[in-house]
Amino acid sequence: MYFYKEDLINIIEVDKPDPAAAKVLQEILGGRFGEMRTMMQYFFQGSNFRGNALQYRDLLRGVFLEEISHVELVQHTINQLLNGAGDSGVGNAGADGAPLDEAVLGVNSNPHHFIIGAQSSVPEDAAENPWNGSWVYCHGNLISDLLDNLVLESTGVLQKSRIYEMSTNKAFRETLAFLIVRDNAHQNAFAKALETLGVDWGKLFPVPNYDINKYPECKKYVDMGFHNAQFNFRLDQTRMGEIFQGQSPSRNAGELKVTDPPKGFPVPVLPEMPNEHSPGISDMNR
Amino acid sequence: MYFYKEDLINIIEVDKPDPAAAKVLQEILGGRFGEMRTMMQYFFQGSNFRGNALQYRDLLRGVFLEEISHVELVQHTINQLLNGAGDSGVGNAGADGAPLDEAVLGVNSNPHHFIIGAQSSVPEDAAENPWNGSWVYCHGNLISDLLDNLVLESTGVLQKSRIYEMSTNKAFRETLAFLIVRDNAHQNAFAKALETLGVDWGKLFPVPNYDINKYPECKKYVDMGFHNAQFNFRLDQTRMGEIFQGQSPSRNAGELKVTDPPKGFPVPVLPEMPNEHSPGISDMNR
Amino acid sequence: MYFYKEDLINIIEVDKPDPAAAKVLQEILGGRFGEMRTMMQYFFQGSNFRGNALQYRDLLRGVFLEEISHVELVQHTINQLLNGAGDSGVGNAGADGAPLDEAVLGVNSNPHHFIIGAQSSVPEDAAENPWNGSWVYCHGNLISDLLDNLVLESTGVLQKSRIYEMSTNKAFRETLAFLIVRDNAHQNAFAKALETLGVDWGKLFPVPNYDINKYPECKKYVDMGFHNAQFNFRLDQTRMGEIFQGQSPSRNAGELKVTDPPKGFPVPVLPEMPNEHSPGISDMNR
Amino acid sequence: MYFYKEDLINIIEVDKPDPAAAKVLQEILGGRFGEMRTMMQYFFQGSNFRGNALQYRDLLRGVFLEEISHVELVQHTINQLLNGAGDSGVGNAGADGAPLDEAVLGVNSNPHHFIIGAQSSVPEDAAENPWNGSWVYCHGNLISDLLDNLVLESTGVLQKSRIYEMSTNKAFRETLAFLIVRDNAHQNAFAKALETLGVDWGKLFPVPNYDINKYPECKKYVDMGFHNAQFNFRLDQTRMGEIFQGQSPSRNAGELKVTDPPKGFPVPVLPEMPNEHSPGISDMNR
Amino acid sequence: MYFYKEDLINIIEVDKPDPAAAKVLQEILGGRFGEMRTMMQYFFQGSNFRGNALQYRDLLRGVFLEEISHVELVQHTINQLLNGAGDSGVGNAGADGAPLDEAVLGVNSNPHHFIIGAQSSVPEDAAENPWNGSWVYCHGNLISDLLDNLVLESTGVLQKSRIYEMSTNKAFRETLAFLIVRDNAHQNAFAKALETLGVDWGKLFPVPNYDINKYPECKKYVDMGFHNAQFNFRLDQTRMGEIFQGQSPSRNAGELKVTDPPKGFPVPVLPEMPNEHSPGISDMNR
Amino acid sequence: MYFYKEDLINIIEVDKPDPAAAKVLQEILGGRFGEMRTMMQYFFQGSNFRGNALQYRDLLRGVFLEEISHVELVQHTINQLLNGAGDSGVGNAGADGAPLDEAVLGVNSNPHHFIIGAQSSVPEDAAENPWNGSWVYCHGNLISDLLDNLVLESTGVLQKSRIYEMSTNKAFRETLAFLIVRDNAHQNAFAKALETLGVDWGKLFPVPNYDINKYPECKKYVDMGFHNAQFNFRLDQTRMGEIFQGQSPSRNAGELKVTDPPKGFPVPVLPEMPNEHSPGISDMNR
């Protein structure tokens, strides 16, 4: 069973609205290599695990638990990027004082952000394709699953480092940087699991081959050792430390360690919007 | 952040393999009104909530937390129904001693259960369509969300009570019965939330209009009060009890109460299968 | 604007339940060459028509109007085939006296017929894929549209004549036979329209090359001239008769004529089902 | 059977081309809560209806009939918004004198509007996802269907009122305003139907909670009583007036009445376009 | 079996980057009427052919062989259009010196071009919908297949001539022009095949009705006779010349001839990109 | 450019019709890990390759070339399994002497095999979902691509070895056995490519861990060395031998060698079927 404490796994930096950034960030939420896919893939792999080598199941489930928090972090980041967006300033006065012409003028925005909900995240990718269950791979073979998870985490870094270049917005870059570092940790987890099965990775990792220090927001997380840590969200025992230990399989080196999760950050409370058309509900109920 | 204790929310009864039952049960996992949809819908509604009426956000998130456990329960039930299936007994000897001819002979089985993984659950519906993100509704308007959630929970009962009639397998019926009762509780939760906004439901609920006592497996859960309980999975405070309290909005009557979750049941460890082709992994790692 | 008289365009013959026949008939309702596709394709082609050659627009719209009735006819035929199905007789007693084990035992049934609704039609094809808007073609070029519509109508006959061979059920075959004859009429309509643009079809039509007299249910409709008639559902004037006139472009010969629609047949009222769980509603409201 | 008189249900105001507005308006045509979905949902609910409480079937079918006209109205509005669009004026001379560079320069246009057809409507949503049959809900339970239809109509208003804010184009706003008022009427229809089953809605409706008088184009339709009228498109008798009568269930009050449809407005004839490459067809055939 | 010589079927002209042009050109690669569809449609029609009239099978396969080269040509054209794109010049300095802000600023670009790969082609259409197998038609009836292929080739020209108007980029227009002429040749092939079955096309073709001489890039290919040539990629004998011979069925006239393919053009080698994060691989391996 | 010699890459064994086997074999053709996916994935990876390390591009393209032949082999195997199927023998006489009741009676057949074409292959998976372009991965990073291709080939073996157990039909098993051995060879190719980048695989491969000698049909291909051979389909030079050489990375050992392709096998000519409704075409044209 799953328990919750109302904390985000990382901070939501506040910056100006940036609907174009919100649009591309959807790839990280609902894309074929986004957080919804990793979350559901590890969920199915954990539940469908067979046999007694439960240290592997504990590892899969351990990463799954963190991915739920990643989905939540990206949802809130997108909401932050959309908060206050909508008015392009060209004087297209809305009937209710809340013009949404920015949705159609001069930026590559996601129309669903402005139509489907009250300027908030959707289960879609950057090109507005809905998330699709056929993207979840659970092969019924441990090695194939681990190799595939490696691809997932390396592609996660690749896509995030590309998206990072698309805006300097702080809410956007902070979330991306945190997730890049965590994808490195999870890449280490799956690479290490394959090491326990006999592979010597040589100098292959990290994939992609990039200098994480170029990303100033990443550096502090690396300094905190987050690239070599497996956060433990279990309220009971876990055997994942039997795998996630010893030398990192990456050129970035260091010692792998199971640790407590970050301390937690407040879940933002965003103001009601005119386009919700729900004013008064809070009044009625206080 | 999300924490885990390795317990299932209900028991997995053990019975004979029944791949045809496993096929139809996929609707409850990956169908347009299945547990993956409720889980993701309440997740997005909770994260995208705006304004200060946080008792509603807490309610949405509270139901979301339970839905994660429901997804897990259905995954394990499907795996139990598939465990040991595959050999129709017509003497179609497999090269590896593990014939899978039952996948193609004389039953309405899901071929993906036997091809994609090692006889385990997949993120698809009963007709093998992949789960689709466009099914998740988060309208950016609290009343629309609550009305839609009512539809979701009433349709959940409708579909489960129909599927229940398709097999007498114990693993199958026990899980369905538990979920039927919990869907009633969640229907009560959303109906009550709309009561706080002024609606008087009269004698409308429960929808559908059926006698839950006809389902012998349901009765014990009703006797335990599960149809009027909201399980609390929060490690910190929640305001959902401000809504989920007082008289049930259903003809079944009773007092609504926020309670502790069930005590938890063991997660099954299923044996390795020849078609995993992974023998030896557990040996290598013990 | 669209007006309605509660009549079906053809009779629904009553025969035994046949859920396997209902499953394959879905291709004719929701398949890529089914009635929903023809209906929506001609709807878009009619509305998106440009220019003054309005006799072509009137023809496209005229066929569209009939296709709405075809969709309705197939919906009711599927419902008839499902009515009373569900119990395989193997003694799998349902909790509510309405076992649905036929959905999982020994026949190629569509699980959605028994799960999603109360044994009724769905907007899916025979393989349970949802109908998809990308199948609708409206090219913005009249000749391409007409050629494509020819393909649609010839494929309509092809698929219906194949499906016809799959069951001898009377409800099934009567509807298929009527639609085969009407597809021939619509094939003639589009072939004739291309004749007005200069094509001489030689002996190409009808496509496919088959003997319609082999289908006993078809014969009476041919005798009534339905293969050479364009039914007129307009309450005002139409110019489609400028095209649909003169010698048939088909080897089956005859004179093309715009006529009144058939006299109309009663819309069946099917009984309530236990799995609707709605008993009492009619009582409350009489 | 379905009959037609060549009239639109509302006027198409003529204004400048606005391809960005055409793009977002697609959500109202082919989106998951658009007119194609309401049309097909009520069509299936009507045909799949079981039992003798035919006043409900007549109501479902009555709304369905109007939705066909709504689909047609939105198709023509999109065509009007696209008519004459294409040339950004930056001097990107086309080979055929019809540059389409506006499709790629500086606006959020839908590329399919300029590629697939001759600048006309497509069965897609605002993000260019094809319409999907899995969006149609027909639960086989009358109450669930009515609740779901309420969600559909309230979300219809929500999305239309958001899209309204995206452009001041007159063709765009007039159509949206008319449809907002009609969605209110249909919301009243389904809310009233649930009232007949015992619900007292209190002050819940209209959902969303907004002031329709803020939309100047809406006011005249409200003054004409369109928010409390159910248009009757039947050529024979209908029992829907047994439900749609008496006090409105909405705070906007008034008496519900079944009335004749609007008088009807001309279907526009748009000029041929160079990119149709069909010039001469009308000449050949006059 | 399939053999390869590293030559493109036409030249890739080099011009400035143009990501908006790359976006719309995706329709020609992965759209419902793009080269992937024609390639796969003729592949299935060829392999599924039944009976002894093998001259038709050879024709279908002959066109299929050329379509593989067309897919490759469009992939490389898109890559050329993306090469060097990404930096809008607004000073949004990327962490790795490779800003991708052009993906989100001021142009209608495809976000997947910048996120999923290192600025290269994807199997999607212009609206970023993934290519879908349900678009491939293989009717199991030769005449229907030939008619449908005619629609495919005429729509190919229609869409390409519209897309041509969207940018003056040379890489873009040269590829489109070559493909327009080849679609004319393939239209002639299928029209001629239907002529052998008795049709007289009159003055119907080419569809669309346009003046190919308006496209300066097309003219040289017409002068080389490419509109009346069927390229032969067989290493053994083919009977397609029994069909593709004699007078063209088009108003453009001329003699149809089976010929050798074009001489071939170099496959571009594009430079590595920072966002590949793969520098050094070539060093390691030389 | 691509050239063709009319030879299949392996023999099509002739055995009785087996539509249930044809249904599951579709996973290998149009499934998310089937031959259409490998073909298109390596096609995009080859065309989108950047940089000068062309030995890797040549390897990707080399495997792509073989995959085209694999698609063709599976198409013909499915056609062989369907040839003559359709009549269950229960006396359900068809109007045209070609009953198709086997499509609906007592077997898990694919209805599209009997409806869409004349009993032939379709671009779908075993559960009849259409092939989807979002399954093609081309990451724009060589290592990620190679790792992903490893997953593809290992999953290819996994799924084929599972499907093999579902029928003893000779046409079915011979094709599966050949492809299993070739997937091993391609697994070796991608594993070896990663070896050139520094990985030491230890005893990881082959994945899955199975005894290929259990499959009698595989043994002859192993004896011919097909598991260690890379077939060369280039008419010009290729550098793939710089990678595909030396010791196999697999426990099965042996020397990797680039070789000529197999000698080639005849493409079957299947008889015309009544449900094609095309009789006479061959007569008209001889």
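A, B, C, D, E and F are the chain letters, set down in written order, and residue numbers restart from 1 in every chain.
Definition applied: a contact is a pair of C-beta atoms (placed from the backbone, for glycine too) under 8 Å apart; a residue touches a chain by one contact, two chains touch by 3 or more.
Model, not experiment: these values are computed from the prediction.
**Student:** Looking at A-F, E-F or B-C, which pair matches B-D on over half of its contact pairs by residue number?
**Tutor:** A-F
**Student:** Are the two sides of the chain C and chain F contact the same residues or different ones, given that same means over half of the numbers occur on both copies?
**Tutor:** Different, since under half the interface numbering is common to both chains.
**Student:** Computing the C-alpha centre of each chain, which chain sits at the greatest distance from chain C?
**Tutor:** A
**Student:** Quick one: how far do you have to rotate chain A to sit on chain D, C-alpha fit, nearest 5 degrees?
**Tutor:** With C-alpha atoms aligned, the rotation comes to 120 degrees.
**Student:** Quick one: chain D and chain E, Cα centre-to-centre, how many Å?
**Tutor:** It comes to 37 Å between the two C-alpha centres.
**Student:** Whole-Å distance, chain B centre to chain E centre, using C-alpha means?
**Tutor:** Here chain B and chain E have centroids separated by 47 Å.
**Student:** Which residue numbers or ranges of chain E touch two or more of the other chains?
**Tutor:** Only 106-108, 116, 124, 128-130, 132, 134, 139-141, 143, 158, 197-198, 208-209, 275-278 qualify.
**Student:** Pairs of chains that touch, anyone?
**Tutor:** Result for touching pairs of chains: A-B, A-D, A-E, A-F, B-C, B-D, B-F, C-D, C-E, C-F, D-E, E-F.
**Student:** Which of the residues in chain F come into contact with chain B in the complex?
**Tutor:** Residues 20-21, 23-24, 27, 31, 106-108, 126-129, 158-159, 161-168, 208-211, 214-216 of chain F touch chain B in their complex.
**Student:** Per the contact definition, I'd like the list of chain F residues that touch chain E in the complex.
**Tutor:** Against chain E, the touching part of chain F is residues 1-9, 30, 36, 40, 43-44, 47-48, 50-56, 61, 65, 68-69, 71-72, 75-76, 79, 116-124, 130-134, 136, 138-143, 196-198, 233-236, 242, 261, 264, 269-273, 275-278, 281-282, 284-286.
**Student:** Give every residue of chain C touching chain E within the complex, in rising order.
**Tutor:** Spelled out, the residues of chain C in touch with chain E are 32, 129, 132, 134-135, 137, 139-141, 143-144, 147-148, 150-151, 154-155, 158, 194, 197-204, 207-209.
**Student:** Residue numbers of chain F touching chain C in their complex, please.
**Tutor:** Touching chain C: residues 86, 92-96, 98-101, 103-112, 114-116, 124, 128-130, 275-280 of chain F.
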